[in-house]
Structure formats: C-alpha cells, structure tokens
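Chain nomenclature is as follows: A, B and C, assigned in order of appearance, with residue numbering initiated at 1 for each chain independently.
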Amino acid sequence: MAHAGTLEIKNLSKHYRVKGRPLAVLDDVSLAIRPGEFVSIVGASGCGKSTLLRLLIGLEGDYQGEILLDGQRVAGTSLDRGIVFQEHRLFPWLTVEQNVAVGVLNAPGGQAEKRTSVQEHIELVGLKGFETAYPHQLSGGMSQRVAIARALVSRPEVLLLDEPFGALDALTRSHLQQELERIWRAEGITAILVTHDVEEAVALGDRVVIMQPRPGRIKRIVDVPLPRPRERGSLAFTAIKDDVLGEFAPAPRSALKSPSIERRPPALDWQFSY
Amino acid sequence: MQMNINLRAWTVPAALLAFWWTLTAAGWVDTRLIVPPGNVLRVAGTTLIDPVFWQAVLFSAARDVSGFASGALGGIALGVLLGTSRWAERLIGPTFHALRQISLFAWLPLLSTWLGYGEGAKLVFIALSTLYPVTLGAFEGVRAVTRHHAEVARVYCFTRQQILFRLILPAAAPQIATGLTLGLVSAWVATIGSEFLLANWGNGLGNIIIKGRAAFNVELIIVGMLAIGIVGSLLNHVAARIERRALHWQPRH
Amino acid sequence: MTVASHDAPVLAWESPPPLPQQRWVAAARTALRIAAQGLGRTTSGLVLPLLVLALWTTASQRRWVPEQLLPAPALVWQTLQELWTSGDLILHLGYSASRVGWSLGIGGSIGLALGFGLALSRTMRAYLLPSFNVISQFPVLGWVPLLIIFAGIDEALKISAISIAVVVPVTLNTLRGLENIPPALLEVGKVYRFSPPQLLWRVLLPAAAPSLFTGLRQAVMQAWVSLVFVELLASSEGVGYLIVWGRQLAQPDLVAAGMIVIGAIGLLLDGGLGRLERRLQSWRRPAY
C-alpha cells in the first residue's frame, strides 16, 4: 500500500504574461486535502483547473503562495506525485510492460522489486495478459488503464487526474470510472480528479470543489457523504448533483433545501375550467 | 492474373536482350563498342572467379560502410543538437543549409588538395555525403517529438541521458531511418564516384571499371556496372530489412 | 527565472525550478539565448561564418597551413572578381547552364511522358514499371563509363548523362502525383463529360501539380549534382571544370572560387524554386 500524502494548497496564485500584461489564471486558491481523500474539481473551461493540476505535479512553476506535500514545499516534478493526462501519452515504441516500467525507472529500489511492482499494477488495472502488446494494438480505454498503472507503479502519495476519461466514449468512460474507484481504494492514496463532468465528480469524490473562471477561484466546496459504491440513481446522489450543477446556471440559485419531495394536497391542484 | 503480370514484366528486358543479341550476331554494329551479350557473360564468368574482383568488391563495400557509419553517427549527433537546442540551430543552422547547396562532388577537388588521393580523402567524402541526409532526418525526427511525451519524461524525472536515449532517439527513429536510407544511397554513389574521380589505381569496383575503360574492355565495364548495381541494391535491401525490424512497433497501414 | 513556461522549448534540458548551484549557469544560458533571439535569425546565422572567416584569414596570414592548401580569403575574392570581369565566369556558367537546360528539356519530357504513360495505362505499367524500378535504383554515375565509350567526352555524353539523372525523379513524382489524385475528382470529370484534353488540363494537371513540381525540384538538384560530376570527370569548360583546372594548376583559390559559385547557384536554384512552389500552390493549406 502506498503512503497517502497530505496536500495543502495555501493562497495559490498564478498568472501568465500575455502581450506584456499579466493574465491571472488562479487567484488565491486555498485547499487542504486529507490523506487518502478523493477530491473532485469541477469547473467550466478556463477556470484554471488544469493549471492547478500542472502546478501540483510540478510541470509549471513560478507561482505565488504555497503548495505543501506532507509539509514539504513542492518544487518541480517528483515520483511522489503521479498524474494521468487526458491523452494516454504512452510511448508507442514500448510495450505495455515497458511503458509501465517507465514509472519506476528513476525510483529507488532493486530491479526485482520494480518488476514485481510493474506486474502487480498491470494486474491491478485489469490488463493481465497484455504485457507484450504495443499501444497501437490497444483500445483507448485500455491505453488509459496503462497510463494509470504507469502513474501508480512508483507508489506515489498523490495521484492527479486531468480529465482522464474525456477522450473516451460514454460506455468506456463509466466503466473506467468504476475501475478508478476500485483502484483508488486498493492503493489507498490521495486522489485529485479534475473534470468537467459533474456526474463523474460526484460519483467519485469525497468532496467536490467547484471552481469559477476568470480568474480561477474556488467558488464552493460540496461534501459528498454518500456510501461507496455510489448509486447514481439514488435521490441523495441526484440532489447533490443538482446542487453542484446549480452553481453553473446563469442565474444564481440557492441550494436545494432537502432531498425530500414536497407533495401538495391533490385537492388544491384542481381547478375548474370555468 | 498474378502470373500474367509477372510474365509481362519480363517481356521488355527479354525483348531488349533479344534485340541486343540480334544486333551483334548479325553484325549490324561495331562489335567492339556494342559487345555481344555472349561475350559479356563470358567475361562475367571469368571475373566472378577472379579473387581480385571479390577483393575489389570488398574494398568498395568496406569503404562505403565505414564512411557511412561515421557520417551517420555525426549526422545523428548534429541533427539532435540542431533539433533540441534553439540557439545551436540559429548559429549553425544557416551555415549548414548554405553548405548543403554546394553540390556534393564539388567538394572533391578541395578534399583531394588537403588529403590527397588516398583512403582518407575517399572516406571523408563518403562521410560527408552521408552527413546531410542523416542530419536532416534526425532534425525532423527530433522536431516530431511531441510536447506530450516530453512532459511525461519530466513527470518521471528523466535525466538528460534518459531523455536522449529513451525519448528523443526512439521517437525520432522513423525519420532517422528515412535519413539513413537516403544516406546509404548517397554513400554508395559517393563511394563509386570517389573511386572514379580520385583514381589512384587502388582497389575497388570503380577501379575495375577504370581499368576496363583504359583497356577498352567494354565487357568488363558492363560487368562492373552490373556489380555496382547489384551491390547497391543489396545494401538497400539489408537497410530496409533492418529498418523494418527496428520500427516494428509502428502500426502498419 | 522569468521566462514564461509557454516559451520553454519542448525538450527543455532544465526542468523548473533550477537548483541554486546551477542558477548562474542557467542565467548565462538565458543571456545567450536572449542575445540570440535579440540578434534575429539572419544576424545570429552570420556569427559562425564570420568566425570561420576570421579564423581562415588569420590562418593564412600566419601561414599555419601552407599556401598551396589554404588560399587567403582576399585572394579568393580577387579570383572571383577576375573571373567575373574577364567574362570567364559567364562563359563557363553558360556552358553549364545550357547542359542543364537541355537535359531538363530532354529528360523532363521523357520523364513526363513515361510518368503519364505509367499512370494512365495499366498495360504499360505491367510491362515497364518493374524494369523501371530496377533501373532507377542504379546510380547515374554508373552509366557514365559506358556512355563515355559510346558517346565520347563531348556534349552528347554530358547531356545524356544528366538527362538520365533527370528522368528518374520526374517519372517517379509524375507517377505518384497522378496516382494520388482522389478518384472523387476524376468522377466529377466523368459526370460533366470532360473530353480528354479538358480532363488533362482541368483536372489531372492541377491536381498532380504539387508532385510535378517536387519532381522538377528534385530533377534540378539531381541535374546539378550530375553536372558537377560529369564536368569534373571529363570536360574542358563549365563550372565543374573550373574547379578541376584550379586543382590541376595547384591554385586552391580557383578551386574555392568555383565551389562558392556552385554553392551560390545551388542556393539560387533551390531557393527560387521553393519560392515559386509556394506562390503557385497558395491554394493548398498545409497542416502546419
């Protein structure tokens, strides 16, 4: 089991310079993530959620504020933090096994240990038997699973996912969402998922962070105190989903009062036509 | 249908051969110039059992391969440098492209001034002829590495050596292979050309042809030409084979 | 580092942020990069040639290398000027140009005819294509000794040798260009009942034009390479001959001058054709 990391984001701001003028992408974002938690981040395009993830993984720097993993400042990329992108980004010249092994290339430990980890993770994502296949022989869903295995094989403390299922068809997407939940529980790590699919966010997250664009800020954080595995058809689920969706409606709406349906006495519904 | 097509492919060469034979047999042409095919076969026979001939083939091939190898290695290194480093491309790039315009054989007299007519000059010339296609291929290949893959390398903390050998070179392999194939063709042309132009009565297929020309032995010239063509094709075949094995991870269209 | 993350090259050798020890190395690199960017492409491209020129001048002045091997740059320039003013340069260029011109004409026509024939007639393709494939792999200069026997060493030899070099790329590119015409376009021609000349002029030629032009470019470059080879081997005039003459007279300044002329012509030819290609094909939208 990987050790689940504690991630703290304090007053994070980032801006780019466009034609000499600063363009604020993130503005004073603060979030404390508990170890082993699954956090979903939703937002429309341009709200900076991908930038947030890139800052967390270390692909971008030059920010104001603090990002702390287990109390240590995050600087650059590291094997403590894994990421799954929207594209699988597998190396086409490597087999499935070799691609997953890329994840432990620079990890400490012996060769035998690494090989075991690679094999375990290939099984974990359900691709046992496909070790010698090449990416061009795999479907989109399978390739993304390899990417997940690659991200987890070095047993990072945090797993970041940037719209991982956005490029897949709806059937594969829902199947992989369930798989992701299973894998997360098996590995016991902290996970942060960025998505624009509200249903996915509520189905997978312990908390849903709603971000608003221009500049990127956290609008609201919604708890999802539902038992796992989540029943997507249940009333409670739909209520929370509507609650989150409501944040994206053009006119501000207050949160739903309660999940119960109010029933008016039938008699009052009758009206005579004349 | 397949058989028909294959037969048809042979009709033209067969017809030409028949025409050639008739011309010489009927004495319509000066047989010292247009030699009868029979004579060519006879000379081919004697040449093929002559160890001097095989020695010459080996010499030419060895020159070709060593020149090609040095040119190819240099070309890959230069191409990777120009592709990865923006300021290297700005400083060296324009000079490289300008020098490329100097037609290949125009370098020979200069090389012979500096290095004489011996092996050194020929090897440098062959390496030079390989350098350009391979550099261009490697450059294209490096450019083709996607930002997505480069980010994956950063996420997994690749060292510079790992970036070069585990990301850039494999990703650029298809374009490098194309460059190497073109370089191989150039190298063989340069080998034979340098043997013609830097004639020092040494060893090589080119020299055999020169001897043939000096002795007005047209049959020998033809045999030499055939040998050049066959060795060239063989090299290309081997190269294509190696290329296919190395790039077996690519999807077949 | 204040360089925005967008601008980092795809294959950044340094991953952000740099360790404190490497910071001033990175700063030096940044300074160099900014200098190169600031200088602009043409200027930074000139740095290396100017350095080489400086080295060359010093080397010849201080006689690090004997004069027979390394001519002084000033001498080369002088030789170039003399060639120009005495009219010799134009004379030799004329010879070379006429050879290339004739060869392009002869080789080009044969190549076009062959290419069209192979593309349009299945029978022709069955009979000729395999033989053509075999012959096209054979390097042009392999033909030269045989041609010398038959045609001597005068113009006929050179033009025939260069024509052979031209035929191959023209045929291949014409064939490929015609084969790659989308059948949909041909069907339009059929629907509107184009006559053969109309089909040729309005559909085939424009659609195959890019490949035809590529064929022309390759043919010109091949012609130029073969020209130099043939003139080095067996000629008494032409730019290639200039180089040989300089070599034989042990005048490396002449050799260098000849090389510069050849390089300049090559640059003009390739650059000019490239520009022409871009103008003629403005209707194409490339992927990048």
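Some notes on this structure:
Convention: a contact is a pair of C-beta atoms (placed from the backbone, for glycine too) under 8 Å apart; a residue touches a chain by one contact, two chains touch by 3 or more.
Keep in mind it's a predicted model, so treat the numbers as computed, not measured.
If you compare B-C with A-B, the chain pair joined by more contacting C-beta pairs is B-C. Farthest chain from chain C, judged by C-alpha centroids: A.
Between chain A and chain B, the centres computed from C-alpha atoms are 53 Å apart.
If you average the Cα atoms of chain B and of chain C, the two centres end up 18 Å apart.
Across the assembly, chain C contributes 15 as residues in contact with two or more other chains.
Within chain B, the positions touching two or more other chains are listed as 154, 157. In chain A, the residues that touch at least two other chains are 58-59, 77. Within the complex formed with chain B, the residues of chain A that make contact are 57-59, 77-79, 82-83, 85, 87, 89, 91-94, 102-103, 105-106, 134, 136. Of all residues in chain B, those touching chain C in their complex are 4-5, 8-9, 11-13, 33, 83-84, 86-87, 90-95, 98-99, 101-110, 112-114, 142, 145-147, 150, 154, 157, 160, 163, 168, 185, 188-189, 192-193, 196-197, 209-210, 212-213, 216, 218, 221-222, 224-225, 228-229, 232-233, 236. Against chain B, the residues of chain C that register as touching in their complex are 9-13, 15, 32-33, 36, 41-42, 44-49, 52, 68-69, 123, 126-131, 134, 137-139, 141-146, 148-150, 224-225, 227-229, 232-233, 240, 243-244, 246-247, 252, 255-256, 258-259, 262-264, 266-267, 270. Partner chain A is touched in their complex by these residues of chain B: 148-149, 151-152, 154-159, 162, 166-167, 170-171, 173, 249-251.
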